[in-house]
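Both complexes below contain chain A, partnered by chain B and then by chain C.
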Partner chain A sequence: MVDWHPLKRWLFTTNHKDVGILYLFTSLYFFVAAGLLALTFRTQLALPSNTFLQPDEYNQAVTTHGLLMLLWVLTPLGAAFANYFVPIQIGARDMAFPRLNALSYWVYLSSGLLALSSFFASGGTADWGWTTYAPLNTVEFSPQVGGSMMGLALMLLMASSIVSTVNFLVTIFRLRAPGMSLMRLPLFTWGWIFTSLLMLWAFPSFVSALSLLIADRAFGTVFFTSPQGGSLLWDHMFWFFGHPEVYVLLLPGFAIVGDLFSTFSRRPLYAKKIIIPCFAIASILSFTVWAHHMFMTGISQSLLEAFNITTELISIPFAIIVLAYILTLRGGSIRFTTPMLFAVGSLGLFIIGGVTGVFNSSVALDTAFRGTFWVVGHFHYTIVGGGLTGLFAGLYYWFPKITGRMYNERLGKIHFVIYMIGFNLLYFPMHLLYDMPRRIFTYDASTGWGPLNLLITIGGFTFGISQLIMFANLLWSARRGPQASQDPWGGYSLEWGVPSPPPEFNFPEGVPVVSATGVTYRPVAAANGGHAMANGGHAYGGHGGESSEEHWSRWPVVTAAGAGIALWGVLMGLPALILGTVILAVSFVGWGYESLRGREAIEAIGEKWPFDRLENLSLGMWLFIFGEIAFFGTLFGAFVFLRMNSPLSGFAWPQPGSVHNIFFGGFNTIILLTSGLTMVFALMFARQGSYRGLQGSLVATFALGAFFMVNKAFEWKELFASGFTFSTNPASSIYYVLTGVHGAHVVAGLTALTYLMVKALKARSTTEAGASVEIFGIYWGMVDAVWVFLFPLLYLL
Partner chain B sequence: MIDEAKYAAVYSILMLGLIVEILIAVDRSALGAFADAGILAIAVLQALFIFMVYMHGRYGPRPVAVFAVISLLTVLPLFIALLYSVVMPHHGSLP
Partner chain C sequence: MPLKPFYEERGLPGLVPALAPSAEQWQSLFTLYIIAAVIVAGAVFVMFFYFLAKYRKKPGAQDPKDAPRVGVMADRGNPALAAILTALLISLFFGLTLNTFALNAYLQNPPNDPNALYVDVIGFQWGWRFVYPNARELIGEFRVPEINRTCTPGVRGCWSGTVILNITSADVFHSFGIPDFKIKRDAIPGRVNQAWFVAEQSGIFPEAIRCYELCGTGHALMMADLIIQSPDSFHDWYLSGV
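Up next, the complex of A and B:
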């Protein structure tokens, strides 16, 4: 079936399984890179007063290790499995938006390359620790351009994840096979729902924090360099993202553990009806605990107590889940295969990490542990022990499904044993070093920390080398291993009901129909009540006429390359910036011209609760708007913080009307709100079938939006001329960032409007344009709604 | 026709809100300490109208309301904590 040139296949594929494999290889590549970094700085720490690394090299190695592992390894490794298996587990042919899915992958790769290239910038890369604390992240302490490049790489990665998140949520909520109710979803898919929701809300706030950081570093704003913002502002913005982020790292692996416990003990998951709400509660609570990373920042005692309590509360749902997992095993006939061993290991290590976490949650104890190796031990037990070990369990578990071959069981077990020994040698002694600061590049022999550090380094190398066993095993077995059957484990989720590896559209026998008694496959026409399917009548199994070629798109990779080059150019010079922008522009035109047939089509059948009434695109747009709300919400939060903090820190915020012209701002507000009105008229005309009305309203919307931007530019110019620049004070800094990002949204909207106008012009029909007009209308309404807050905040208060 | 009237009505409300906001800002004496709160309340109302009438498309305002409430709830704690961490007395840094 796949007889096209391999390079073409991997560059242009939009198939979810291919994208999953791309994610898998790329994340493992970054795993090796980040692991090697860890071994270099562990070598440095092995002996007292060692000089293997220079202080600056040490800082860069630690920083990049952390960022790469968290953001470019763990989540993408989860994404690899999610890409490959979530569509199959829900009974779909592919993702809701396959091209966007490919785009997410390529942008991920491009962001990773940008991050790696920052190493080679003069002065090296970011050296402020993964938490990027202010003021270490400011130009004063980290002038190197590589730091800013890492910041931009992180922003690009966040963009990729947010797009992917929207895609997954629409897919899971709208493309489920008949009978696949939400409660019947495997735990892994559930875990990915919560991971996605966490990413959707937390990642935009990191983007806001990074926007302020880049503005500080590249344009001279004063968010983290002034006493009004400073390190406390960064702490809040970072950890509001950072704590949900650590659950993003945990949940995929943690969910796999549950599925594996059930499969390998041949028992249904104990109290699944309770486990899933516990996941939900933990996810919600994860947004209310972030200040447990700020116990020592000097903020009010009562605030600390509140966060002390929420942090202790959040261990309750986890404890319940752990208990339910263990009870699943009770009375089962447990098979200790390699995946199951890793699953058990993951749970055990996670429990240790959870217990040390509860210690940290006490303000009193944390005062002693803060900033020491104890904390490093804690979070490696949870993230590596819980998260990564669970993902490795998944890797062994799904290997036969992906490759159609069995790995070597004996080597797998050897890997497990050495993995566990290495892991505990590496991380357990860190708890005994509860008096050693975590951010130092060397120490004196008189401290007595030498022997434990040597032990840790030995553990580190053991742990690292154990992975080579896995790589060798899997690489060899993928080619030479014995053929695997369709269902070697007796798994219960849908992927075990299809061949290994699954064919292009997953279900060769027709639509899976799920019921309490099991799964049956129905030919498409029957399942669909005899009607042709929304995608033009192609067979569900994909053998009926839809060729692989129709699933190509060359634009995702081009767009991602353009974005990467353009961002590189922002820091490294105009030629690259122009080149990147041109590539981006060309790719956008390309996206517009590419036919959508057979790609983003939806199945007209199946389970869609609770979103039966929305279409895929509108649900996607709404989810995206969630992210936007978090993004702007965090920026507004920063505004409030700066504003309230100003009188306390000796800065008089400008009186309303003294800097900005209220009436001019009001006039521009009228312009933008009027464009909101013309936009809803466009939708109305599209529905009434009035082509001229539609075209007229779109043109009016465009003209008003453009006029708004012209006025804005004029305002900026005047302000600059009057000496109110990026760096004047916190009030000017936040003014330019808020109006700047809002303006960027308007410009993006105008670009999309141009498309709509061309599309309506070409189609000469209102029905075809109607759906896109509706989606765009939602976005444009959001742009208006944001401004409705910006105007009073910036001009009137 | 009904739609047209509804959209135009909301537009008038938005404009009215804008005018009242500016009037309050120009002469705060009338509302005194409540001037800022009044302005913010108007902005919230304006955004609500945009959300519920301009953005709901074909499927009615209910799902939109649910979406809006959920996403506001997620940023709310950040707001509260940001406010508190500046306004409440600091306990000072520890040794």
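Up next, the complex of A and C:
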């Protein structure tokens, strides 16, 4: 008889620590995969005129290495720690939405497998570099289906990340323990707040860029093939995401370094109240620097000079943080154990990367650096040197907490020394190759680049092999290492106040209460001022014989598998698409049978500022809408770009009324807005407890929404018949994408509405549906509001 | 001293770079940035390593009084330091930026030179096409005249040595670069971008022109030779092919 229990646990778990471990193993797996890819192309470049890789293989290896490392390794490794430790650090027993958390992980895994399997598509995977420049990314120049698969995998990953950011932000803002004010949060949690905010704002704009790319590749729209859009449209959209993305990669590791400097020097963090605003300023500025990736594109010089200045300014908050970290050491008693060594290494390498970054801010120096190994050297010093080294410091630091055992210190130190030697051999010489183009698969001996490239490759293998020491050390120590105490380092964040590894619900002694003098634990019964909560036993500590299995859900893994298999249909054909869709449909019904709140009854009992008045679900929905604004905002930006660029490139945008029927569009607008009104009625009836009124207004909303979609379908049909198709011109392309994406939101809304109607019908009361109606109302309002912008944009201007 | 690439120091044969004022100016700006970087990063590293060495744990040492413990992190720090650092960095950046903008103005604005040679540069998968004013075309090699200070303005056939490039692409995104001259500009389909240079020394510079944006499988081989001729021999060649 096979014991399915462990397998079931890992498949169905919703516990944040289990999910964290899943993230950890998966991201390290992708780290090995992407690292091996790097070694293949470093082998190719070791010698001039080498023939180890073919050009197309080389390009695929470079592209996949970049995408995997950035999106499937670094952020998820940070997410592993965030999953495991953020809830403990804020004093919560789990995430706000544990099932969504599991869903984020499984979708992440399924997107990664989709990305890797695109190698096996005929013609291989994406080969256009991680920056995916247009129009090389279009079907004309890169017809391979693997490229489209990579695009879909990226979309799926973005969906996973966006869900995850909403979850983390709600968790951190709403579920803090009593006394855990925002300023008392450890730096790592603060770093993760800003990472999440950056992801929530930047990732949706990448989704909109990918939507246009996939529309071009699959439906023949002309965004990146026409001169009105083309290279520059992609550049703007991509880098608006791409630059904040580099801070997404840096911040988690960089924040860990701050906590470690304090812990291992036995001194409080210097100027924490300055460091946190600096994180905020850097996060905001990160959205204002993207065009420094476009210095050579020939766009307005005064604009580029402005970007030159913003790029210099963003180094100031980082310089302040670096100074604060260094001053933290002053007067301390520094212990150089492995985590501290990696933290010191991370800061040192980041300083070098930061200084070369100032060179890159110069619009004039860029005439040499753009597209060369200098840039490669620079960003590896920041992202690998600063970010990854910081995360590895975190891995050693938290290893005893996660496993309850100590790693081998001597092997850790050996790893550090070889890591640093390998790193600097690998990336420093790249700065001297500031004439050598990036991403070339070969070079001639006469260029003189041979010796440095050989050195770089030797460094690459040294760096790669050093990681094996870490893996061996950690894998062995997890089973055989000596027992670790609860707090081997003298850490200050709450995870060091609970056993190693932490029990199921984190705080066995009750609710942590934080004050200026330290942390105490309030037994659960007293947690709510002696007033037992509805789920009092559930809140902390697992009293009342609660076991984790009660929280398992099978639907996250099933949904993610369905989505992955459906998208595999691109490669495998219709059967996979159908199978995946059926699995997805089944999982949606399954989710419907689970109570919306039942398994996510993580009640806020402590600090909730500044969101005291919003419920978890409403705050989650508002944050999601924040992301939607970025998504639609970027699409509107694309519209404006195409429109402004049209006269310059000799395309006459259609006059209002010449293509679209303004009367019909206006009629449909009124229908959609009326459905917003009926939704308000639904909310009113739900609050008044009028079951009939609620049911009636929900049905009316559904009918109006469906009517809107039917009209839309007729409109599309007419337009197609009149010769205004996806590929007619930029005006038609953006029309179909904007209305199509909006239509998809309406359809998603109608699906959710069906749930609400079924729920209200089954319960025959408004209590169960009340909160759901409110949350749906926010979403439906957003869908209406988007159309209020779309209608004049598409029909009247 | 400007930092020179590894191979230049070796003085390997055939690797003498072509000379141009744009490269000299670039090198002096680069040197300025290097000096600033070495001073700033040097100061930071000295302080960093000094603290690491000085405050390492001594045997038998006690923790500092305000050592963090679970749930407690004392508050300290001086906001004035952040303000001072900001002011210092802003004044440093002010100096660097003025120099950057000056060089940028030089690189971006071709001189108003009636004896300049205008060449259309068209990137394609995978090579460079050079179209001269008299419709002569070259692929894979680029001939230009070296500087000639004796030209009478406006006299036809007298090339001053100023070369103004109108760069575009026939297919995908390329980037046109002459690393010896520190000249670079993206070659984008549907757009024409301008760059310019003056070459100071005649000679043949194999594969001195390269593509700096991944443009497909032939990216590494998308090169052209640069041939800088004396004004007379350039003019003879220029007329010979018509």
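The definition used in the following text is that the second predicted complex is superposed on the first by the 780 of 797 C-alpha atoms of A that agree within 3 Å, B and C clash if a C-alpha of one lies under 4 Å from a C-alpha of the other, contacts with A are read in each partner's own complex, and residues count from 1 in each chain.
Here is the rule we go by: a residue touches a chain if its C-beta (ideal position, glycine included) is under 8 Å from a C-beta of that chain, and two chains touch if they have at least 3 such contacts.
Keep in mind that what you see is a predicted model, and the values were worked out from it rather than measured.
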Looking only at chain A, is it chain B or chain C that touches more of its residues? C
With the two complexes superposed on chain A, say which partner A:Pro656 touches: chain B (first), chain C (second), both, or neither. first
First (chain B), second (chain C), both or neither: which does A:Phe287 touch? first
Thinking of the overlay built on chain A, is A:Ala393 touched by chain B (first), by chain C (second), by both, or by neither? neither
For A:Leu329, decide between first (touching chain B), second (touching chain C), both and neither. second
After superposition on the shared chain, which partner residues are touched by A:Gly781: those of chain B (first), chain C (second), both, or neither? first
Mind working out whether A:Met757 is in touch with chain B, chain C, both or neither, as first, second, both or neither? neither
Between chain B (first) and chain C (second), which does A:Gly298 come into contact with in this model arrangement: first, second, both, or neither? both
Is A:Gly497 touching the first partner chain B, the second partner chain C, both, or neither of them? second
Touching partner for A:Leu683 - first (chain B), second (chain C), both, neither: first
Chain B and chain C contact sites that coincide on chain A, given as residue numbers: 232, 296-298, 301, 367
Within their complex, state which residues of chain A touch chain B. 201, 205, 232, 236, 240, 287-288, 291, 296-304, 367, 611, 613-614, 618, 622, 625-626, 629-630, 633-634, 636-638, 640-641, 644-645, 648, 656-657, 662-663, 666, 669-670, 673-674, 676-677, 679-681, 683-684, 774, 777-778, 781-782, 784-785, 788-789, 791-792, 795-797
In their shared complex, chain C is touched by residues of chain A numbered 55-56, 59, 62, 127-129, 131, 133-136, 141-142, 184, 186, 227, 230-232, 262-263, 265-274, 278, 296-298, 301, 305, 308-309, 312-313, 315-316, 319-320, 322-324, 326-327, 329-336, 344, 347-348, 351-352, 355-356, 358-359, 362-368, 370-372, 432-435, 437-444, 446-449, 451-452, 487, 490-494, 496-497, 512, 514-519, 649
Of chain C, residues touching chain A in the complex: 3, 5-7, 10, 12, 14-15, 22, 26, 29-30, 33, 36-37, 40-41, 44-45, 47-48, 51-52, 55-58, 61-64, 66-79, 81-82, 85-86, 89-90, 93, 96-97, 100-101, 103-104, 107-108, 125, 171-173, 175, 177, 179, 182-186, 188-194, 206-207, 210-221
Listed in rising order, chain B residues that touch chain A in their complex are 3-4, 7-8, 11, 14-15, 18, 21-22, 24-26, 36, 39-40, 42-43, 46-47, 50-51, 53-55, 57-59, 63-64, 67-68, 70-72, 74-75, 77-79, 81-94
